[in-house]
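Should a chain be cited, it is by its letter among A, B, C, D, E and F, assigned in written order, with residues numbered from 1 in that chain.
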Amino acid sequence: MMTTVADILKCVESIAPPYMKESWDNVGLLCGSRNTPVTKVLVALDPFEQVCREAADWGAELIVTHHPLIFQAPKSITDDTSVGRGIMLLCRHGISAINAHTNLDCTPGGVNDVLAVTLGLEHVQMTRPQGDPAYGLLRCGEVAEQSLECFLTTVKETLGCPGLRYVDGGKPVRKVAVGGGSCAGGMLEAMDAGCDTFVTADVKYNQFWDAQDLGINLIDAGHFYTENPTMPVLAAKLQAAFPGLEVKISENHRDCMKFY
Amino acid sequence: MMTTVADILKCVESIAPPYMKESWDNVGLLCGSRNTPVTKVLVALDPFEQVCREAADWGAELIVTHHPLIFQAPKSITDDTSVGRGIMLLCRHGISAINAHTNLDCTPGGVNDVLAVTLGLEHVQMTRPQGDPAYGLLRCGEVAEQSLECFLTTVKETLGCPGLRYVDGGKPVRKVAVGGGSCAGGMLEAMDAGCDTFVTADVKYNQFWDAQDLGINLIDAGHFYTENPTMPVLAAKLQAAFPGLEVKISENHRDCMKFY
Amino acid sequence: MMTTVADILKCVESIAPPYMKESWDNVGLLCGSRNTPVTKVLVALDPFEQVCREAADWGAELIVTHHPLIFQAPKSITDDTSVGRGIMLLCRHGISAINAHTNLDCTPGGVNDVLAVTLGLEHVQMTRPQGDPAYGLLRCGEVAEQSLECFLTTVKETLGCPGLRYVDGGKPVRKVAVGGGSCAGGMLEAMDAGCDTFVTADVKYNQFWDAQDLGINLIDAGHFYTENPTMPVLAAKLQAAFPGLEVKISENHRDCMKFY
Amino acid sequence: MMTTVADILKCVESIAPPYMKESWDNVGLLCGSRNTPVTKVLVALDPFEQVCREAADWGAELIVTHHPLIFQAPKSITDDTSVGRGIMLLCRHGISAINAHTNLDCTPGGVNDVLAVTLGLEHVQMTRPQGDPAYGLLRCGEVAEQSLECFLTTVKETLGCPGLRYVDGGKPVRKVAVGGGSCAGGMLEAMDAGCDTFVTADVKYNQFWDAQDLGINLIDAGHFYTENPTMPVLAAKLQAAFPGLEVKISENHRDCMKFY
Amino acid sequence: MMTTVADILKCVESIAPPYMKESWDNVGLLCGSRNTPVTKVLVALDPFEQVCREAADWGAELIVTHHPLIFQAPKSITDDTSVGRGIMLLCRHGISAINAHTNLDCTPGGVNDVLAVTLGLEHVQMTRPQGDPAYGLLRCGEVAEQSLECFLTTVKETLGCPGLRYVDGGKPVRKVAVGGGSCAGGMLEAMDAGCDTFVTADVKYNQFWDAQDLGINLIDAGHFYTENPTMPVLAAKLQAAFPGLEVKISENHRDCMKFY
Amino acid sequence: MMTTVADILKCVESIAPPYMKESWDNVGLLCGSRNTPVTKVLVALDPFEQVCREAADWGAELIVTHHPLIFQAPKSITDDTSVGRGIMLLCRHGISAINAHTNLDCTPGGVNDVLAVTLGLEHVQMTRPQGDPAYGLLRCGEVAEQSLECFLTTVKETLGCPGLRYVDGGKPVRKVAVGGGSCAGGMLEAMDAGCDTFVTADVKYNQFWDAQDLGINLIDAGHFYTENPTMPVLAAKLQAAFPGLEVKISENHRDCMKFY
């Protein structure tokens, strides 16, 4: 019996239940048809145009991504916009699109647990768990006490970042909070959890200064690099659930941003 | 040199300029690509699924409709909704979708002028012109004085309605306002223009009573039947502008609503 | 001891408790005085001007209606508006006005139960009950399986409609949802309840198409004809509760809308 | 030929044009019928229940007041509220109600000009004129330089106040701003106009302190006492315009508030 | 060990817990530093500029007031405004500012209990208690039945008012509601509690008329005079809690408003 | 005659008129007193706590900054927040604070003109001028055609950035738009002006991808490094206007953010 988009959606939603998402978010089946039989699944952080094209070239019937294909609901679907081009490309090739965004950030074993583990944190916990079973956005964990510089090396190497931006909060690194993507707004939550260090991305000028002011080490390791480590984990879970499928991580999607 | 979607959009916008639309409306190129070469254009009142399919079966690269393909901006494009099915079908076959809605209602020679002419009104005028050149929603015109029953026969026959719903305002018919589709909210405007009779559609209970209260004959001739006469006019204008194209009115789109 | 407006209000509120109303609705004593002694009560679907006049001519001290005398709160009470004329007429003759609107729709034994019974439905249930005791807007029930045409005949005859507007959803009639007045927005609720057919009123163009799209038979039997059957039931309940009163249904209030 | 409510409304609107009113205000014909013939007009500051009763007892067909009969648009007209009782009483006796409120405050020769003149101000001007011809809320004018105590005596005597509440701003009285009713919010406007003293009503605790802080003498002479002097002026204008009418100022309406 | 601002804040919050405040209110530490050692505390109804100066001149490190130093959050702190001048003066002298406003009104033993006791009410109760332990805004209590004039004398003498404004509701005084400051909006609550008389402040024209209409004696005894009696009580509680501090009530803060 | 804060404010407002600011911005005298005599002025990008302390230590009576001391209007001024600590420190030492923010960005010769000149752009223009004399946010100008890498070197060296983040839009650098601080939202405006390259700061993940999608080189050179070059220019203008003053740029304010 054929695996369908609906079957894989059900699996994705068991990994990252929709009720765990933020109220403003858009997750689930954002393009295509539940009944489409699936033989190949392309997994990628973003559903950008070149990812859609890679899926089409490979002959995939489904893409599974972290970021949503549609964020601002569009008044038209045309090739004037990159979102329109992506949707048209998917529809033309009969490819469906599923995503798990903030629900994947929050779920146990999701984006922030993977990030914590990748960075070698121990005794990892949610900083602010809710619900039963518990879920939540940020994770915190411990490392052997070390200098900030030493920890910066670890972050850069384990995540493969081309560069880091940071503020030195004036403390050695002992307890670290992590929030993949744009989580700098959780800085006080990280401090309340007793952390001396916070790894996130998309940090703005005033947020770096807030960190300086609060005395917390704040590291911007890049949106892509803090979230992409979850893609292999997600792909592996899908492959395990559907051994008959071909599940592949996008080969050409990497961060467009570079350091100089 | 090929005719493109952009060429036809330009023509549609010269017939029904976008600035004449209501602020809440959605018009123009709602799906597809400006650069697509066009050989066949299907014209229809609505971009419903079966119209999209007819376009695909016929090999059209473009549909031109009155009602918009997208009204509420969608958070997903899936076959769970009829709008999603329509968009997916169009994209799969590389068909673009253009529409002119309230701008076509308001433009000189548009929906309401066609309706007025179809009903045999003379000395047709806008009830509330604005701009220069003038445009506006409702039209009014004169008929030879006649009983309401006599005029009802004319309406039913000229528009081909299966039935009419009406209120007898207690006056003979001499000056008639028309507003194709859901225009009953313009009743006072029709009265202010000196009309004794108003032809529109989608009239609600309290609006029939308002007409009775105000002493105006109010006739609901059906949304489809008051707007569809404009489709051949629109098709003819496109054909005249692009003699090399095949322009056809949808053969299978008719009103789903029946009288008993 | 005299029966007062307050006594009858209490009875109406026991039949249709105010907490069952929609949040936007206006019900209860909308004009007059709780202490007025009552000998004659006129019952009608609407508190329109001619109903107020009928009450005055007959010498009633109270009208009890379904629709509210005041819907949009008025900034003035003048004879420039029909609402103002009605209020002035009532006040001039010392007549009070009570109504039960969406609470009467929702209450057990109210508008939609009466409509279901009138149409001969069996095993009548609320589609979406709430509260304890349960109340809710729509009702559904079963009929012997029959063609849509056959059921249309039943609707037209039992409700006395001058005509019906409908969409053929392509299914025989077996399970029917009913919602008197403007309830087409409940179409999905009717489908969720397993109904193949939905009887309501004030249906708009796009709602007929939604029904076609969803494959449900949708019948617009008229706002007046779907709600007016409840008036004799309401009058009888009031008469039973106050045997000493004269309770009468309006003799001249009928639908102003006609079919052609 | 009979004078009608419409004739008198037109006259009131020539005295106090509706476009001079504040956006939140409600003025004009708030109850009754434009076509009612009028022989007796009762003029009063407020359309309170006892004023309506006085009008009915006297046989007036019209009341003309400063404050509006309806301010918050009512969802019902019953004797549970004083507004409802007033409207019911007027309707029962076929009495119409006209008012001019903030338009009468602002118009040349209106409430604040009368107040300025009553207090003996000279070289009276609008503090912030707008439009052409000019209108505006506050008036300012000059008095012979005097002590605040001396001016307080003048205010109390000329307006007939039972008492005054005031703050001594520490300056002699030379230039005075006036705003009948609740105009303390115009304090800075009065200062900008170079005034050392401001006469208004309904002054609150923090506003007295603001005056102290700004060094302006602030006198609360009572809402009734600052506005009621305009009633004889208004009555005289109506009488002059309609010599055949009986125009009378309410005999029993006086302020309910007393000093101890 | 030194007493700090934080210690005194904790005490104030035990007297008037912050959760008892209205949602729009601003209470607690509004200026200064929790760690500042305190030896002198100035208590006053308002944190006006001259109170801040008195604190500075006396050498206080803290003022405790009823009204908040900051109500509308300021976009700048300059000497163009009295709030700015107050804040600058406090900061310059290192003085902190604590306040308890509507929480002090509502708490057992707070503003309204002190007012009730001062007026000699017996069997004092909250009119609308909430929470556990109970708190609430208004208080009501009984007096020996007496004429309104007699009670007016009591109010004026016990509160030391320069004058009263009132409406005679036409009833002898037996059960009295009190609400210090601007509480006239609670008039119906006072009536529901069975009160014939209501003592409050900042009463407006229409509220006096409402009282007349409802038949309740309404007395405006002044914002300052109804709330200031609580200041000695608050000062005594602070002194009792911190025997080593010098606690003093402001010597120069009195009402700026006078009667004439 | 002494120079006062008011004199310097007037000068700052002639350099950067307040009407040029964004509607949400807060500029001008945000702390202190217009009448304070000034002998020393400290100029800095930000009014952070250590800058306030530097001013106090140096004996300045005024700080002039780009970013506002108060952005979110505060409900309290305490040392719990860095804004509160800054205000308290300024007030304690009698130091006033003036700022020019988006008005300094937009004014001719302001932040973005300085940035353009610093980067060596020629034929510098506003991308979207408004008003007369013209002002506007972004600037664009030309450079000798060069590779992106070559231009990156120029940016890094002339601004003294510790690092850059960028997207390669696939074009050589010929026409460059600049917007100091968080101006990535102006990307389309930069493209409309014909620019191939855009230098700004605080760029987020999706904005880098938008740039890639649009084919524009986008360079994040840091909020501090793109705005701070204007501080010497501003200081020089103040010094020129007030030769008798000591005007100094903060010696210890530098960006807290570092690259790794």
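Basically, a residue touches a chain if its C-beta (ideal position, glycine included) is under 8 Å from a C-beta of that chain, and two chains touch if they have at least 3 such contacts.
Bear in mind that the values here come from a model prediction, so they are computed numbers and not experimental data.
Minimum number of contact steps separating subunit B from subunit D: 2. Note on E-F: its contact pairs, compared by residue number with those of B-C, A-B or D-E, agree for more than half at A-B. Distance between Cα centroids is largest for the pairing of subunit C with F. Once the centre of each chain is set as its mean CA position, subunit A and subunit F turn out to be 34 Å apart. Spacing of subunit C relative to subunit D, judged by their CA centroids, is 47 angstrom.
Put simply, the C-alpha centre of subunit B and that of subunit E have 66 angstrom between them. The set of subunit F residues touching two or more other chains is empty. Contact topology of the protein chains: cyclic, one closed ring where each chain has exactly two touching partners.
Partner subunit A is touched in their complex by these residues of subunit F: 46, 48-49, 82, 149, 152, 156, 163-168, 181-182, 201-202, 204-205, 208-213, 223-224, 255-260.
Residues 26, 28-35, 70, 72-80, 87-88, 90-92, 94, 96 of subunit B are the ones touching subunit A in the complex.
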